[in-house]
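What follows is a group of structures, each given as structure tokens.
Next, two complexes with subunit A in common: one pairs it with subunit B, the other with subunit C.
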Partner chain A sequence: MTEDDAGAIAVVGAAHAVAPIGDGRNDAELLAPVVDRALTEAGLGRDDVGVVCTAGSEFLNGQVGTVMGAFDAFPGWPPRTHAHLEGDGAFALHEAWIRLLAGEAEAALVCAYSRPLADEPRRVLDLQLDPYVVAPLAPRPEDLAGLQATGPFTASQPCAGAAAVVLAAAAGRAPGRPAAVVAGIEQRLDTHDLGERDLATSPSVAAAAAALGLPGTVIDVLEVHAPFSHQRRIVVDALGAEVRALDPSGGCLAADPIMVTGLIRVVEAANAVRRGEAARAVAHATNGPCLQHNLLCLLEAA
Partner chain B sequence: MTGPAAPAADAARALTPRGTPRGRTRCAVVGVGQTRHAAARSDVTMAGLAREAALAALADAGLGWDAVDAVVLGTAPDTIEGVMSPELSMAPALGAVGKPTFRAYTSGNAGGQAATLGVGLVASGRFARVLVVAYEKQSEGRTGAVTLQHLPFEAPWQGGTGSLYGALCSDYIARSGAPPHIGDVAALKDRRNALRNPFAQVRRADVTLEAIAASRMLWSPIRLLHASPSSDGACAVVLAAEDAAAGCPDPAWVHGAATRSEPPVAPAHDFVDPRCGRDCAAAVYRQAGITDPRRELDVAELFVPFSWVEPPTLENVGLAEPGEGWRLVDDGATALDGALPVNPSGGLLGANPIGAAGLVRFAEAALQVRGAAGEHQIDGARLAVGHAQGGFSNFVAMWVVGRDKP
Partner chain C sequence: MNLRGLRAPHTLQLAFDRSVGGATAAFLAGLARAEIWGGRAVDGRIRVPPQEGDELVRVGDTGAVRAWSWVAAPAPDQPLARPFAYALVQLDGADGALLHVVDAGSEAALAPGLRVRADWRAERTGSVLDIRAFVPADAGPRAAPADPEAHADLEGESGPGAQADPEAAGAPPEPPDGLVVASDRVLRYTFEPGLVPSRFYQALAAGRIEGGRCPACDQVYVPPHERCPACGAVLEPCAVADTGVIESVTVVHLPVPGLEVELPFAWARVRLDGAHVSFPHLVGDVPGGLEEVRVGQRVAAVWAPAGERPPSWEAIRHFRPVEP
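Take a look at the complex of A and B:
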């Protein structure tokens, strides 16, 4: 490890799983094997994790406070620093990374789970829209994406799923485990009103990319969270970098566990680095209508 | 270990984590704001309510929207108002467009969790100024949604928050031998205090001990006048790294901040005296260098949604010996003129905008050490604790703030 890496945080374990909607498993049952796999890869035990950041959606699952039921799957006893957010797991990753940078612990676990109740889980996303003037109209996310697309597009296939990522500072790592250094995470929000946005571009991706110094550089692997096929091009264009392999994992069209999908992009990008297939990889995650909130995570070989 | 403070927003963002020393940058509370709380704030939207608090906090800090490097929004559960990921639709109202925006969600604890996340953002050295906002608009939602809880392998649970706390308080009485009038004394204290707080929603000068004791039983031992109201309200604080706080008048300094959770149905989970609360308190007191919290702290703002919850909470966060919390209440030690005033603002009995209520406690603690709490100011307060809790008392967040730099 170079002196430069002394303060760096790295992904040392990353796993995910997807499942058909309605296969009978609860959130904890979906999440537990994924958490175990990520911790085993990292060579860490449950007690080594000082910060846990979780993400899910009570609207998708059809019950309040889904995190209460997911507790059995992640390290929770004895009590530790834990934060939950309603949204994609990649945003929980950002919080975990910040908490490690702030010195709150040496290792963190990030978990996301999705177990949609409805046959058409994407319809629930109507509730992300302005509650007074837009949500009552109940436009489907597909309808809004249609405003953004310039031609035919393909929509992803929602499913159930879970993902877990172990982050560790130098002092929190087990020796000899492959690591992908988190060289930076940036996220930005665009405005909510679709009428105020140029939907063909993504200022928030461009701003996050600029903050990470990506424009004009070469990225070995880019994993994009684009639930609608045309959105991939918008993200790549806004990034302004030369991309050698775009979505080598296959992307998220075939399996989209909403609120987990963004964290899975981090899992795929980090594992590409950890397997030695990429020296520099970027994971993109999004939340909100037509790519409103975007996050970029830059991962580099240790 | 103290990392270098970020001199300005752009410089903070330019830092690369490779080679950045990890550690805690000192954090100050440079602005505090809250809305007028009411049963129904039908004059504003949800975003308007949150913005009202944010504007007040920025004005208090003497800062504009441009000075903010990141926004944290706390509220929970989202199902109360039926708005999913509210940071999306509220982005323009919160000045969050083009900025990193974070979300905190741990039920009644959300406001406290949001504040501790804000401290973490500043401590990481990557954000010079952070706006933390929390809100709840119960009049536009259905708080009964919380009964949709269904824990794995448990029978469907259809109780509300009140029935849950009724069981907690009954258990506390059985353990401690607290006499029946304690809930009345604690309620009268908070209701009298609320009369001094211009932001409080419930300000009834006519309430007597007798009236409280005779009020309708809701969830034994909790009576109507032991209970917090249903509220619309929001709160905001502006946090700043040490260098960025230099130009701001009258900061309060964060001496310790922590959040702890534990599983809600684990065999070891003690609903009345949760270990997450004890551990969280131990962590913030350790960070703040406090060894005798009851004597060293000048004032406490605790999350007490029903008056009967004050005694077990005092014990849980180390402000009373086990089984003795009710005696402090009975002796008047937690009254405005007591040895350790608790909830001089009136606490949740004055207003309970659930997702914001935790942040209001944190904000009130900051106001106290700044000497800016108005009619409910505790004279000479230099060190204060703010506390929030939620879920099945399995989420706790706390901070200790001081007049002096740590």
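Take a look at the complex of A and C:
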């Protein structure tokens, strides 16, 4: 696999939708029209998709096997490779990209869905905390974010939503469709032990950025997944790059479909490239308390 | 806004007794003795709690606040009833910080570097909550360590106030067998099955079974979906008969959690006339007993009386055998 081969995989379709919590639709009903749009943009049919990677969380709506309920929204028959991730869709994108790099298929569909139906939607994230020495203290995500903030901050507004991204290798693309080449995806993780971290910085973002060669370069568009307003500056600082447009989509504070929000950053960054508004765009996605786990996706004009 | 879907309360309870081992068990056993033990990592840093592979090192139960987050209106499940702070406390002798709570009365009392000490509970069980809270170090006299038997086996200085001095620290705590961290998390939801399922359940309440027909591949699904699982086309609602055939059956003699039905019962997959897929339901009114139910048996729905049909599968009480 050469660098050129890696660069040949591109986003050729990307769509998302957000909705109020409790509008009556289920995951499949939210996701299906979004998948339709992404495939239509790509000029591909369901049968062209060789790999499906999905993401979401069962705890958001409290149903075991939530993904089964979303199946109708994406191609599943005849059977093909399907991997499901309990997490944000951006991390499922990483898996789909690697599967295409490995030559498993020529096109992949990545989708994520979110219906946070719990009384306190964001609190399902508490279940990620260390159950022995942190969870018994019952800190809320906002409380942990407050340890990181040096002043007042704004928390994002959870909502429902869905996103879909179609990735295709050169041989899997329909002609004449705008594409954003995936130049690289890197993810890094900081320790789960909050007391061992310098929360004012993000070594994991910096390490991912270094692996992508971002420090000292110019990024036309950066889309940041920062559920708490102060985290955006931490991510930007850790990138070490000159950012021309930060969150031109408006960012995720006003609408945060938990477990979809990171993939929406990829949708927004890729579409900025596909519309010709950016030659080089970066999408950031995060998971865990205080930006513990971070992914960066570098997208470039074809 | 609700686009005419059903909704219902739904509760998820996650109750666990998590067994504890290794470094975490030593840390918790130390807390039961009113001692805080950290770990010296391979890079020489001392962190609290210790991680696997660390050399256990006693640290002080006093330290400095490194960062905090003020909780103005504590929830019932949070450690303190009055306003408090979550804080990263760098204990004396440690390089890293411990996440815990600080009971300082008001946010104005907090400052970076504020000296605090552990306020130990009298009754300690080997839990991170054995420290009630960290309190400002000048906040009145230190209480005598309660439960002296818990660390009577130690030599030298021990208990509250001990510093990070291995010579004076005593022996690392030996975790008791069966140490667990209990959690009982309840998550409450307002569940929505979706628009197409809501329509299906509302039809059941009206005494009708509604399927979904695929305009592209002509398959009929019961219950209906929004999309054809095979080809992705949007399904069209269609009426389906309440008679059909048993595709498979199991006679169940063991209780099923959440299923209130008299034992034994016959659980069958029923494919209705005109439908291409089956769904599970009960079989009853079987002359000769449940063991007589056979694959291929024709059945008909036994509906709950009109007015007693909920918008759910329970609108149909069961299916009964009928002649071919």
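Quick note on the criterion: the second predicted complex is superposed on the first by the 294 of 302 C-alpha atoms of A that agree within 3 Å, B and C clash if a C-alpha of one lies under 4 Å from a C-alpha of the other, contacts with A are read in each partner's own complex, and residues count from 1 in each chain.
In the analysis below, contacts are C-beta pairs under 8 Å (C-beta built on N, C-alpha and C of every residue); 3 or more make two chains touch, one makes a residue touch a chain.
Just so it is clear, the structure is predicted and the values come from calculations on it, not from any experiment.
When both complexes are overlaid on chain A, the residue A:91 reaches subunit B alone and has no touch with subunit C.
In the superposition on chain A, A:28 contacts both subunit B and subunit C.
In the superposed model, A:184 lies in contact with subunit B only, and not with subunit C.
Put subunit B and subunit C next to each other and count what each touches on subunit A; the higher total goes to B.
With both structures placed on the common chain, the touch criterion links A:65 to subunit B but leaves subunit C unconnected.
With both structures placed on the common chain, the touch criterion links A:131 to subunit B and to subunit C. Look at A:207: by the touch rule set out above, it reaches subunit B but stays clear of subunit C. Of the two partner chains, subunit C is the only one that A:147 touches; subunit B does not reach it. Touch criterion met: A:77 reaches subunit B and subunit C at once.
Of the two partner chains placed by superposition, A:218 touches none, neither subunit B nor subunit C. Common to the subunit B and subunit C interfaces on subunit A are residues 26-29, 59, 62-63, 69, 71-72, 76-77, 124, 127, 131-132, 135, 193. Chain contact summary for the complex, subunit A toward subunit B: residues 3-9, 26-29, 52, 57-59, 62-65, 67-69, 71-72, 76-87, 91, 94-95, 98-104, 124-125, 127-132, 135, 169, 181-184, 186-193, 203-204, 207, 211, 287-289, 292-293. Of all the residues in subunit C, the ones that touch subunit A in their complex are 1-5, 7, 10-12, 14, 16, 18, 20, 24, 27-28, 47-49, 51, 67-71, 75, 77-79, 86-88, 90, 96-101, 127-129, 181, 183, 185, 187-198, 225-232.
Residues of subunit A touching subunit C in their complex: 20, 22-29, 32, 46, 59, 61-63, 69, 71-73, 75-77, 115, 117-119, 123-124, 126-127, 131-140, 142-149, 193-196, 199. By the touch criterion stated above, subunit B contacts subunit A in their complex at residues 1, 13, 16-24, 45-46, 76-79, 81-85, 87-92, 96-107, 113, 117, 120-121, 123-126, 145-152, 258-266, 268, 274-276, 279-280, 391-392, 394-395.
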